[in-house]
Structures are given as structure tokens and as C-alpha cells.
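For reference, the structure I am asking about is given below.
As written, the chains take the letters A, B and C, and residue 1 is the first residue of each chain.
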Amino acid sequence: MKISYYPGCTLKYKAKNLETAALASLDALGIEVEEMDRWNCCGAVFSLANDDLIHMVGPVRNLLRAKEQGAEAIVTLCSMCYNTLARANLLMKNDPVKRDTINRFMDDEIDYFGEVEVYHFLNLIKNEIGWEAVQEKVKTPLTDLKVASYYGCTLQRPEEVGIEPIGKFSLMNELFSTLGAEIVTFDGADKCCGSYQVMCEEIGDNNAAAKVLSAASTNGAEALVTSCPLCEFNLGKQQDALLDKGRITETLPTLYFTQLLAISLGIASEELGLELNDAQVAQLLESKKLLVAA
Amino acid sequence: MCETNTTKPDFKVATGDRAILPEGAKTIPIYVMGKKYEVPETLTIMKAMEYAGFQFLRGAGCRGGICGACPTVYRMAGDYKLHFGLACQTVVEPEMYLAQIPFFPANRASYDIKDMSAAADAIHALYPEVFRCVACNLCTKACPMDVKVMDYIAAIKQGQIEKAARISFDCIQCGLCSSRCMGEIPQYHIAQLARRVFARYIQPQAEHLRKRAEDIEAGKYDQMLDDLSSMDKDALEKCYVEGREREPDMAEPGSWQPQETKYL
Amino acid sequence: MGYTPELKELIKRVEATRPERVAMARRNEHYPALSMAERKEVLSKFHPDYQEDAKKTVRVGPNKGDVFQETVANLLESRSVIRPEKVDLQRIDQETDVLVIGGGGAGTSAAIMAADAGCKVIIANKLRHGDSNTIMAEGGIQAATQECDSPYYHYLDTIGGGHFSNQRDLVAALAKDAPLSIAWLESLGMMFNKYEDGRTVVRHCGGSSRKRLQSAGDMTGAEIMRVIRDEARNRQDMITVMEFSPAVELLLDSEGKCSGAILFNMETREYSIIKAKAVVMATGGFGRLHVKGFATTNHYGATMDGVVMAYRAGVGNQSLHSTQYHPTGVSYPEQNVGLLITEKVRGLGAHVLNIDGEQFCFPLEPRDVESAELIQEAMAKGKGIITPTGRVGLWLDSPMIEELHGPGTVRKELPAKFIQFERHGIDISKEPMLVYPTLHYQNGGINVDGNTFTQLPGLFGAGEVIGGVHGENRLMGNSLQDIITFGRRAGKSAGEYINGGVEIKDLSLDHVVKFEKELAEAGIAEPMIAPILLPDYSTDEVAANRWPEAVSA
């Protein structure tokens, strides 16, 4: 199956570490994806028009680019990108009236009918490889690492595009178990991280993030794992300020699921982009002797 | 100010840039801002308007498709599609409704090139509106140079400055992209900035050029040039005819050396 | 759209003679080149520079007694639009350190350098900032940057190409500054074509001994202009840009120093007085005079304004009789008229043919001779092809190249031309092109020294408006270098001149009064009014309908 890789804007810049780890992992797993030649914003930040259909133009254009390239599926790592692309795809599949409107508006492009399947990276690994095959490739098991999976809002909502039903966290938990980690469950895995509040609130005032972090810490997690650059920022990069303001009592290393995957597949620490994470992440991984040099 | 040719043939010809209606040639109707004019077919919009009697003040520049002075929008009768072109490059068609847009206001941020860097943050800070792009693609559809405008705006959002510089290279800064933008983005100014940042901070600087400039500043060639300037014409001609080995066309860059090296 | 059915019919005649011509070319047989005597004859009869009939001796001013093309001479003998005695020179609208007249490549470079020297600058543009011939230059910019090259060889190539008629200190300045210009443009963020290590890509050009032509895609001039204009816009504290406000007359002060100019706002038709401590003349060339009716490669505003204004202030010209015509400009389709078709097409073996598909000249005569032969065939012999827009052209049989060098050669060797014609429905690998000589470059211009000083204190010159850099023949790629080298020098020189202490006394237009007195004494009763600013392309019919006799303005 030919798979187009849709990176998303943040992954190309501020969250490059998420991408490098993911691509290295896919390579190690033997899945071939190809970054799309032409792609644009997934549509998440579109906020200009009152008519909600214009929000669909961006994601649909990405989907039809994948179709143009002859791909049957498109994969992305960011939950927000996944969410936007998947919702647009659903609309193009199921709503003939809106589909026609959008196709007519984009008369400079080929028509699109929802033919391309939208994958989140987690789904892709499970469906295309399966946990058993992943396990065979593990070189550095995450033994002794207590991991809490954080889904945030957009991986499961709305339900029609959720990667699994609300309240279940089996995709990430199964992945990390497969990689050898100990799973810590906690009440907050699908609570909001504070999202774009961060744009208008002072750093350190993000109580939503504080609640998630505290809940995970209380239940004994040593690391919190996210699947979205914004979640990672809110949860992982404001902890000092949250501590200062007394909103949390202890820090909790936070990183991307792709980084953990890469570590267990034996990918060199230089390729993980850890310098872009909070310093405590590298310290944790080192103390657990999980890092291998190139 | 167009002189007619002194060796005039006995038939009527167009001279300079002035158009004529040759015998037997057809005219077609066009609508300039809604008003009908009959003009010879195969003329460009610019020359057709001049044929009709317009004299451009704004809206004409190089007349060769590179300066961006003559962006024009038009529709064909009975068709909803909006078309874009340069008046000096687009040929008139019957029932064409056209208007020129010689200027369109766009926000331009001032900066000091010396303070920029290879990172995209500074570009984002100067032009935060770049994140207002909704990927509607109207900019690309409006570009008379077929630049993929939306793609370079996407590249800038992604921090891929080189990609943006390369995609936008053919931009003639006519402003049609900005005129169509839902996000009110001044695309062509942002592209200009991206190209300069790329050329200054990402593309490697030329080392051989730096050395040559140092030698020149140090006066290495002053005497040689003075000597040439003080030669009589015959001596100079002799140097010209006998003293210039020609670098072979296929020579590898920076590798060939002439027999005579004292003037290098 | 492509060729009309009528033209397609005529192309059949070209196709009919092609097999025999191709066979001839394969036997290495050519249409005979002219003897020196024949060359002289065709040049004197048909080359615009040589034809005596359309020439005129200038009767006034510094070039009095010199012979120029009639249009050029008429402009040198023109009068001002201003009536000096009615102007209140006390009412100064703006004051500045440096007034730059003309915002093309040379003027904009001068403005940036003057600003670097701490001077406040006003750039007066006739059209938009950057509308110029600079922006149209495609090929490249010469500079001896390579290790196997040096300013010495750049000097030799340039002066030999100019038949040794160049002014030597200008050639030395050009050769010396050329690499510095490239380094300056690079530091400003110009996207040169480069190898991965940052080395600039260089090519040969006609008359070069070393590969010296650096480029930026096939829009080198446009890239230069975009970058330096952007840089000027970043210095709004020092550089004020006035668009659609050409200068129409220079101002001197009571001591005879150049002290500003009168600008004309073409939109509101207001005049204004700009007082300046120094003036840089950078108005470009004269292609839009359409000398003898020729089409031109030049931009809309190239009307010799700077030469006219400086002349009245006593600054003479050199080599102004010399114009570069390119033998093969496009004459169809209309949107490409006047644009160049490189000599390479004939170099690859394409024949030049008349309406009957017959050869009438050796295709690779020197440019001036080739141009004259095309003019002779079309005009004197009436064997040109008339296009649907009433232009005359001759066939340039590009499809021959495919037969001589194999299919696909045209596309490979002439990619830009191929695309340019393909865009208008003409496949030049299958159909010939229609060509005619086109007016390309003003070789001469006002006199300056190597540091761009004119004989008039406070007036500096740079770019196509100055004479002597190229002598009577310019090499490709030296015009873009000219504008940067002398533009930068003019800005620096103006800065040094001002920083040396300049005090402007009472403004004066006495030089205009004096010049017009000379005109009257020479019996020039009805001189033209100039600068003419813009060409008028109205048809005779429209002009007549404006009732020039019946309506008083």
C-alpha cells in the first residue's frame, strides 16, 4: 500500500523532534511512507470564515493531493491534524451536498469523494504491523519505566473519527506494554491540556495542565506521553512555572509517543531530538539506561 | 515621438510600439471597465487599449512581462470565472471585460537584513498574518506568473525558508495575490524577505568572491589597470589580440588556469 | 493562438525551400558573406547609425557641431516646459542632501550608498520605483570573480569589445568594482545561481576571454532590482521615494553648482522645487524614442530625460550617436514584439529568409551588418512578411536546427525561447519565427569621470545615461555591472562631496534662460518641449479625432 505522509506545520518546525523520531521508527519498522510534495495547513487554525465549509478547504486540499499522488491512505502524527483531516474526509465521504459545494469551490483541483483513508500513526502501526511484529523489533525494552498515556481531546472526539471509543486508552497502552513499559492509568488521560488558552493566559496559570500532571504523578507515573505538539507544550514545557505558582508539587518528564517508540527500537539518542524537550526527560531516560549512542 | 521610417515601403506598417489595423484585418469588441471598444485581434491588452486611445500613466512598465506594473483582471462574457494576466502579455479576446489593477495596498514590514537569521521565527514575528492563511488557494489562481503562492506561504509557516525562496523566485511583485487574499496577507513582501534571508543566511556565501574582493580592496590590481589605461591604442590592441587566452567552455568551475598568470 | 491561417500559408514557402537549404548546410555551403565594400554600402544605406539622411548636426550646446540621429538631435535642441522667469524659486517644497533622479538599478544603488554615508536622499521616479531597463535584463552580470580571471582581463575584453573607443578610467572602474558589486549584492541577500559550496555559476558571453557572467535564473536584472529596492524600502528614515514624479529641469545655484531639480507630479500635474546639495542623474536610456520607427527592448519610460536636462546645464555627451540594435527582435506574436532572440539561434544554423522562403544574407554577419541587411530586404525590396498587427518581419528558420542537430535540439538549447513562444501557441522547433531588428541600448551618454563626477559641480551620473563605459559597442552583462558599479560610486561620491561641506546659495534657472537664448540665436524657431516623459502610442485616427486644430487646449 502506498502511504503519503502528511507532517503538519508544527512538526516541520517547533516539534521537529516528534517527526524525526516517528520517521526513524517507521523506517525501523519497515513501513514506507513518502512526504507529500505539496501540502498545506491541516485546517486546525482556520478561523476566518463564518461559513464552516471554508474550514474544510484546507484539509480537503491535502486529501486530494494524496489522491493525486496515487495514495490510498494518508498518515499523520499530530492528533489535531489527524482530527481535522479525518473529519473533513468523513464529510467528503458522507455528505453529498457539502461535498459538491466544496468540489465546486475548488474547481482548480481534481474532485474528491473521500477515497483516501486517514490514519493516525498509532492506528497505522497497529493495523499495518500489529503488536507482535512490533515486539519482535524491540531492542531496548522500556523495562522499569512507568508510563502514563495521555490522549487529550482530539484523538477520540468526535466519536466518528476517534481512534478508539472515549474512555478506552488501549492503543497507546498496548503499544507501551509491547515496548516493555509498565502502564500507569490515571483520571485525566482524556482531559483537556489547556489547549489554546496558552495564547491568552500567563504561563503558570494553566490549571488544566496542572490537574493532568498531578493526577498522573499521584498514580506513580514516571513519564507522561503525548501525541500532540500543543499538548506536549502545555504539559511538558510549563512545569517550572506551574511549580512556582504552587499548581503542581512535583515535575513529570513529558515526551512524545514517537520518541518512546524510537528508543525501544534502538534508535540512537541523537535522532530523538531530546534537546527540544525539557531537560528532565533526558535525565530520566539516562537514569533508566534507555539511551543508546549512535 | 515615434518617427516613421525614412526608407518607407509603399504599404502601411506598424512602427515602434504603435499598433495599426492592417488592411483586411479583423477587429473584435472588448470592454474596458465596462465600455466597449473595437480593437484589432492578436494585440495585447496593453496595445489594444493604446490603439483605442488610452495613454497609460499607471499600468505600464517594462512591457515585457517582468516588472509587474500591468496586472489585469478580466471575465469573458457569460462565464463566472475570473481571469488574471499581465496587460502586456495577454492577448485580447472577443467579449473580454477587463479592468487594470496597477496598485494594490499591502502591509510591508521594515527590517534590517543584518539582524535576521536562518530561523523562521523573525519572519513569523514580522508577518504574524501569515498564519491567517486558510489555504483557499485564490492567491495561486491569481498569479500571472504561475507561482504557487499558497505553497510558498505554507512553506514559510512550516519554517522552510529555502523552499519558499525557490517556489517564489519568479514573483514579479504585481500584488494580485494580495488582492485576492482572505487572510489579508502581503504574500509577495513575505516572499521577498524569505528570498533575502535564504540568500544571505542559508545559501553558502562565495569564498572565491570574498578573496577577490579582499585583493581588490588591498589594491592588488590598481597598477595593472593604470598601466592598461596609459597604453597607446596600438599597444592596447596588441594586448587584446595576443594576450587573452580563452577559458574553454567546458572547463570545470574554478579549475582551469591560463598559461599567463601574472595578471591574475 | 499561434500563427494565423494566412501566415501558415506563407510558412509553406519556407518549408518548400528547406530541404535544399538543409542539404546545402550539410555540405557546409553558406550564403556568401558580404565583402568589406558591400558591408560598408549596406550599412551606409540601411543601418540607422550609418544612414546619413536621417541625421542631423546639433546647433547648440556642448555637442554643437556633432551629428546624431534626428530624434536625438531634436531632443538636444529642445526647450524646457518651464518658463524660468515665472517660477518662484524662493518657494522650496522639499530640501534634501541627495536628489537621485531615476530609481532603477543605478539610482537605487546610489541612494543606498549615499544613505550609508549619512545623507538624506530623495529618489524621484517617473514611474514606479524600480521601473527600468535594469529589471528587464535577463542574461547576467559580468565580474571577474574566478581564480583564472581578473579585473585586468575584464578591462581588456570590455575595451576591445568597444573598439577601443571607451573612456579608460570608466573601464578601469568597472573592472575593479565588478567583484565588489557582486559581493555587495550577495551580502544584501541576492539569490545568485550557485554551486553547493557557494561558488557563483559563471558563463561566457560574446567577447569574454574568461567565464564571467553571473546570473540569477533568467531574470538577473529583476532579482537585482527586487533586492536593492527592498533594501531601500528598509531605510525609510534616510530614503524617501517619490513615484510618478519625474524631474523636468535641473536647478543650479548662483555659484553654478547643481542644487536640485523641478519635479512634476504626473497625476496631479503639480510642479515642485526640490533643493539638494547633490544630484545623481540615473535616468537610463532612450529606447522609447523608437529611432527610425524601430521596436525596442526598453521599458516604457526610456525617453532620454537625463541627457536632455544635463545638456541644458552644460554637460556634454560622448558616443551618443551609437545605438545598439539587435538584428533579431521578435515581430510576432504581438506580446513579444521587440524582445530579443539570441544570436545562438543563427549560431545553431537557422537561416534568415524572406517572404518567398529565400535566403538573402549570411546569417552570422556582425550585428550591425545583419540588421542592415534585414532592413534592406523588408523595406527596400518589399520582401518582408506583414503580421496581422501590421508589423514587418522576416523568417528565422528555427526548425532547421532540428534537422541539422537532431530532434529535441531546439528545446534543449533554447529552453526560455521555446517556452516563450509555446505560451502563445507557436512551436519553434516546427515553425519558424518572425524577426526584425530592435533597438536595445543607448551606448553613449553624458560625460563623467571614473568617480561619476560630471563637469557640473554637484551633479553625478550613473547607468545607461552616462557615456564612455562601453564605447561604441557594449558587451553582454556589462550593463548590469555598469549600473551597480557606477550607481554605488555615484552615491559614495555624492556623500563625500556633501560631507566636504556644501552650501547652496540662491537657486537659479539662468542656465535654461541662457540655453533658450542659444536656441533662438541658432534660429531654432519651434523647438520640441522636453523631457517628453512618456511615448504616445495613439493611432493617427485617434490623434485626428482629438481635433488638434479645432480644439484649443
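We adopt the following convention: contacts are C-beta pairs under 8 Å (C-beta built on N, C-alpha and C of every residue); 3 or more make two chains touch, one makes a residue touch a chain.
If you're wondering where the values come from, they're calculated on a predicted model, not measured in any experiment.
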Going by average Cα coordinates, which chain is farthest removed from chain C? A
Quick check for you: compute each chain's CA centroid and the global CA centroid, then name the chain with the smallest gap between them. B
Calculate how many whole Å lie between the centre of chain A and the centre of chain B, each centre taken as the average of the chain's C-alpha atoms. 43
Nearest whole angstrom, what separates the Cα centre of chain B from the Cα centre of chain C? 17
Approximately how many whole Å separate the CA-defined centres of chain A and chain C? 59
Considering chain A alone, which of its residues make contact with at least two other chains? none
Touching residues of chain B toward chain A in the complex: what are they? 120, 131-137, 140-141, 148, 150-151, 154, 157-160, 182-183
Please give the residue numbers of chain B that touch chain C in the complex, ascending. 1-22, 25, 40-44, 47, 50-53, 55-58, 60-67, 69, 88-91, 108, 110-113, 165, 169-170, 172-173, 192-193, 195-200, 203-210, 212-213, 216-217, 221-222, 224-226, 228-229, 233, 236-237, 239-241, 243-247, 249, 251, 253-254, 256-258, 263-264
Contact set on chain A toward chain B in their complex: 7, 9, 12-13, 38-41, 43, 45-46, 48-49, 54-55, 57-58, 61, 106, 108-109
Show which residues of chain C lie in contact with chain B when the two form their complex. 1, 4, 46, 51, 53-54, 70-71, 127-128, 130-131, 133, 135-136, 144-153, 155-157, 159-160, 164, 168-169, 171-172, 175-177, 179-180, 182-183, 186-192, 194-202, 204, 209-211, 217, 219, 222, 226-227, 230-231, 233-234, 236, 244, 266-267, 288-297, 299-300, 303, 333-335, 337-339, 375, 378-380, 382, 384, 386-392, 424, 532, 534-539, 542, 545
